[in-house]
Amino acid sequence: MPVDGAAEALRRLADGLDPATLGPELMAHVRDLYPLNRSITGDGLRASLRLLQRLAPVELHEVPSGTAVFDWTVPREWNVRSARLTAPDGRVVADVARCNLHLLGYSVPFRGTVSREELEPHLYSLPDQPDLIPYRTSYYQEAWGFCLSHRVRSTLPPGDYQVEIDTRLEDGTLTYGEVLVPGTEETEVLVSTHCCHPSLANDNCAGMVMCATLARMLAPLRPRHGYRFVFVPGTIGAITWLARNESRTGRIAHGLVSACVADPGQLTYKRSRRGTADVDRAAALVLAASGQPHGLRDFSPYGYDERQYCSPGFDLPVGSLTRTPYGEYPEYHTSADDLTLVRPEALVDTLRRYLEVFEVLEGNRSWRNTSPRCEPQLGKRGLYGSVGGRSHAQARQMAMLWVLNLSDGRHSLLDVAERSRLPFSDLRRAAADLAGAGLLVPA
Amino acid sequence: MPVDGAAEALRRLADGLDPATLGPELMAHVRDLYPLNRSITGDGLRASLRLLQRLAPVELHEVPSGTAVFDWTVPREWNVRSARLTAPDGRVVADVARCNLHLLGYSVPFRGTVSREELEPHLYSLPDQPDLIPYRTSYYQEAWGFCLSHRVRSTLPPGDYQVEIDTRLEDGTLTYGEVLVPGTEETEVLVSTHCCHPSLANDNCAGMVMCATLARMLAPLRPRHGYRFVFVPGTIGAITWLARNESRTGRIAHGLVSACVADPGQLTYKRSRRGTADVDRAAALVLAASGQPHGLRDFSPYGYDERQYCSPGFDLPVGSLTRTPYGEYPEYHTSADDLTLVRPEALVDTLRRYLEVFEVLEGNRSWRNTSPRCEPQLGKRGLYGSVGGRSHAQARQMAMLWVLNLSDGRHSLLDVAERSRLPFSDLRRAAADLAGAGLLVPA
Amino acid sequence: MPVDGAAEALRRLADGLDPATLGPELMAHVRDLYPLNRSITGDGLRASLRLLQRLAPVELHEVPSGTAVFDWTVPREWNVRSARLTAPDGRVVADVARCNLHLLGYSVPFRGTVSREELEPHLYSLPDQPDLIPYRTSYYQEAWGFCLSHRVRSTLPPGDYQVEIDTRLEDGTLTYGEVLVPGTEETEVLVSTHCCHPSLANDNCAGMVMCATLARMLAPLRPRHGYRFVFVPGTIGAITWLARNESRTGRIAHGLVSACVADPGQLTYKRSRRGTADVDRAAALVLAASGQPHGLRDFSPYGYDERQYCSPGFDLPVGSLTRTPYGEYPEYHTSADDLTLVRPEALVDTLRRYLEVFEVLEGNRSWRNTSPRCEPQLGKRGLYGSVGGRSHAQARQMAMLWVLNLSDGRHSLLDVAERSRLPFSDLRRAAADLAGAGLLVPA
């Protein structure tokens, strides 16, 4: 029985990552995604998912406008041909061709001349960050508007403004992507990432690329769990996915929401609503073992799509592993979340921690000690040093002793790792050695 | 369904308290109570309860001497006509007419001449606080004595002392007061305060006045719980009340023992024996939200009448909300616990916290989210801002998200408040809005 | 009913210990044990156990070589006549007659001339502690060797070395000792100490003497639990004892592994695998009450024979009370663990803490308050001071109030001690007084 080959392969993958080659490779994809004008529906979203197909066999799903998904309805599809705001002096002060944040997301078509005063409620800017363009949307209430830097806004004179918004808001479909790396068991690990934001690099071009890369890396490993990667428009996409897969959610044994994975901040894990799910404990182990500063937070019902996965009717064991959390870095949801914010080494580091969490999820088992009364004689099996009297056992022997002691059918390797404070990989390997010697069987 | 109108009214009452007018009003009553010579029975006690009838319809109960109350017996009634100790030089060194602490509580009648040496075991003073007169009693063993300052005691020369103690200790009754503000449900909140101490202002004239004022304030609110205020002589009064109301104790859902409510020290909550009763958690929330330094303590079987309410045969969810706890301020049980120790602003502050605890007890419910799979679409119900992309939801939206997420029938609003760290009032109001929109129903 | 006389007697014994007389008395026995050449079998072990018979009626058990004990087999018996290593220049560089650590434990017979190079893998020394001789064994793999100081080893020139190891490794028996102080109830306290180490004074001549002394002290007390002291060779001895007494282990209600009891370090308690067994809580109470710095550690499956008692098939409530734990003092398993490391006052102090743990184990009961509704009137039974109004109850009264309050059948005196932070002895005595007054009965 080659136990948990995938866990060992994940460990080696994680240990072998080379940021110097992988970083630039991932960045190339982030750079390609960045300029596309994504929203919760539309061609920019579709193009982005197709781009990810270079990395993994992402399947696109199209859900018609008007489809009821729990308390929501899939909205009309939105596409932008052009959008421009011209000042009385002929200056083009906002143009979606220049920066796709300039247009309020889901702006309805409009063409006309408005006074400075009439324009005012259609403008969005950030007085405290006067050089940045904010990212704003109005998905569920018909509106049009422009987002611009406060510095530009404050120079706008009275007079007549030309508004040219050539968008279509029509029945169509909502698109989401999905790729499943099949597992040898029925259980699944859900990895969900949002793909509805236009040119915001860290939030979430980086996450889309990282997730597709993880899918590519996992595919050859024949993991125990299936790994289901879903690329969904935020909120409505996750809700749509859940509505269409409701009967399948029972298989989700573990899950992570991925976003903001490449900024220079420290890694942060936000626990699932359950708080002590295996994925919560695995992430905490991995971050502690990283030796780097990191954050651990309890669940709150605000953030990304963990809001949906952890709604009380589902309460799935889904946490969120990010770098700086949503809303906590100054560039968040502004034009400053650009390609310079994404650090290749940070992106590779986040990807490594995902692999390490997967290693724990793959390798975590409950074993049963077949020789539970007193210690088995490891020496006669070549598993123990023959000269006694030394004061400290070797790390490998300590790992074996811990695994034997707690393998009573009521403790998983995660339990052993938490209690012993030994590296999970050491315990997993010790368990494999002991199982090889017949001293452990699956509980 | 006007849900929890009383909770909202209590919030407004608490927010609207004006120490500048309420403080002097309460102090006037404290000043009237202070000089009366109270004990665990007798006319001073009766007069004090009648004085409280100016504030609330306190009903007086009279329990005959000799009545068996659990392991105890209601004692004979004690009344004092006069008591005086005269020194050999004619100096009156103790006179109950001057300070009613001078006479050992429950002193039996005695008239005679005693030597300095014979007098000695009948004197009580405080060597470490030589200017203060202590408060001492001998309820259950017949004795007579005088309490005086150590400074005076140390000047007492040898010679003949005249003792004139004109008291009556005869069959009569024990008196206690009770007022019930009826609730719309069967459950009751018990508020118990002792009223047996003679001229000790903080302990407990202030508590008696505060409790009667709370009863007056609650009466017009039509609360959900009944609020039962009992004004009892310490220990024997609480035991008597419990003995006469044993069958009714099952209705007591929450309770507080009130004492020492007006000294300048910080607020202190002593948990019930259960330790995690709703009232324990409500008081902790209220004190934390006050933003003031405060104390939280575990139950101990010493203190005031929580000793009886939390005896193992009852184990009622009754804590104690005081300022400085019994025995921990230097003026405790001495003549220095006088009107100068009682601070009007402290008394109003304590009363405010009682109202806030009541708000939590009134507003705490378990709700069930009627749309538990994914978030309901708040926007279409006018409960959510329409422009997306902002990094922080408004406080009201956060309160709604928390309430929706945890309203699975297993969490009360108290649970939500503890986990979210949001103000209880915000959560209560969010729940009312959501219930109004049909998104919550009582669990 | 003279409740728990043994607990009270243990308290008095502990309080009455006189290090000035007991210390030297214990040291005399340690000094006698020290030079004997013990191993996991053989005549040195036997002689050591017989020497303990001067203190307590230790019964010797002989288990034949080849006996199967769980996953292990009782090894052949090992005895040493002489063992010497002579350098080319005629210098005797190791001689078991000079220091019995010189010979690798369980060395097989060997006589011959070997070159310096051939000798090398047979030598054991400590480069970091160049003046000390290490203690090493090879029980389960046939080998021979010498342990010597690194300083001497580094002076060994090339040339021919005379090896003369006159040992016998033959079928025989493994010896262990046992003494039971019978109890009035079925439950037993297991105290296990290893006796296989040659001249190591703290590890574990001191422990052997302490345990035999405890057995002597307990015998006249008629304790409630039986106290079973086992003197076993490390690992194989404990395994052998468990194999031969498997059906009896259900009686072991509490247990302690004793070792390293006399070095100058602070007391350390290592919890049982269960972590919250009564013995774990009793030891924590005793160490906290000692007022001395001390250590508390969670169980780990490395150390002494708690490894066997706490193996998952037994999971006995057995902790370990030592001074400096195994492997954590520099003299550990070297020739520096000699008679100078053993401090009489430390040995008496450790013994005292064992007596105090036994006091808790003997005195710990669950009581039921016969007057659970309100406090009983202690005053009328002479159990409470008659003058009221004082701010602090006496310690005895506090102990009674705590015991009464928590004696609802669900709390033991250990629970009361932990919650009240009052001395266990005070609570135990308060319970005895209350039981004497009919206010408590066994739960």
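Order of writing sets the labels: A, B and C. Residues in every chain begin at 1.
One rule holds in what follows: contacts are C-beta pairs under 8 Å (C-beta built on N, C-alpha and C of every residue); 3 or more make two chains touch, one makes a residue touch a chain.
For clarity, every value in this text was computed on a predicted model and none was experimentally measured.
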| item | value |
| --- | --- |
| Same or different residue numbers at the chain B/chain C copy interface, by half rule | different |
| Turn needed to bring chain A onto chain B - CA fit, degrees, nearest 5 | 120 |
| Centroid distance [mean C-alpha coordinates] between chain C and chain B, Å | 53 |
| Touching two or more other chains - residue numbers and ranges from chain C | none |
| Touching residues on chain A, where the partner in the complex is chain C | 369, 371-377, 379-380, 386-393, 398, 401-402, 404-408, 419-420 |
| Footprint of chain B on chain A - complex, ascending | 69-72, 104-105, 124, 134-141, 143, 235, 238-239, 242-243, 246, 273, 298, 300-302, 307-308, 310-315, 326-327, 332-333 |
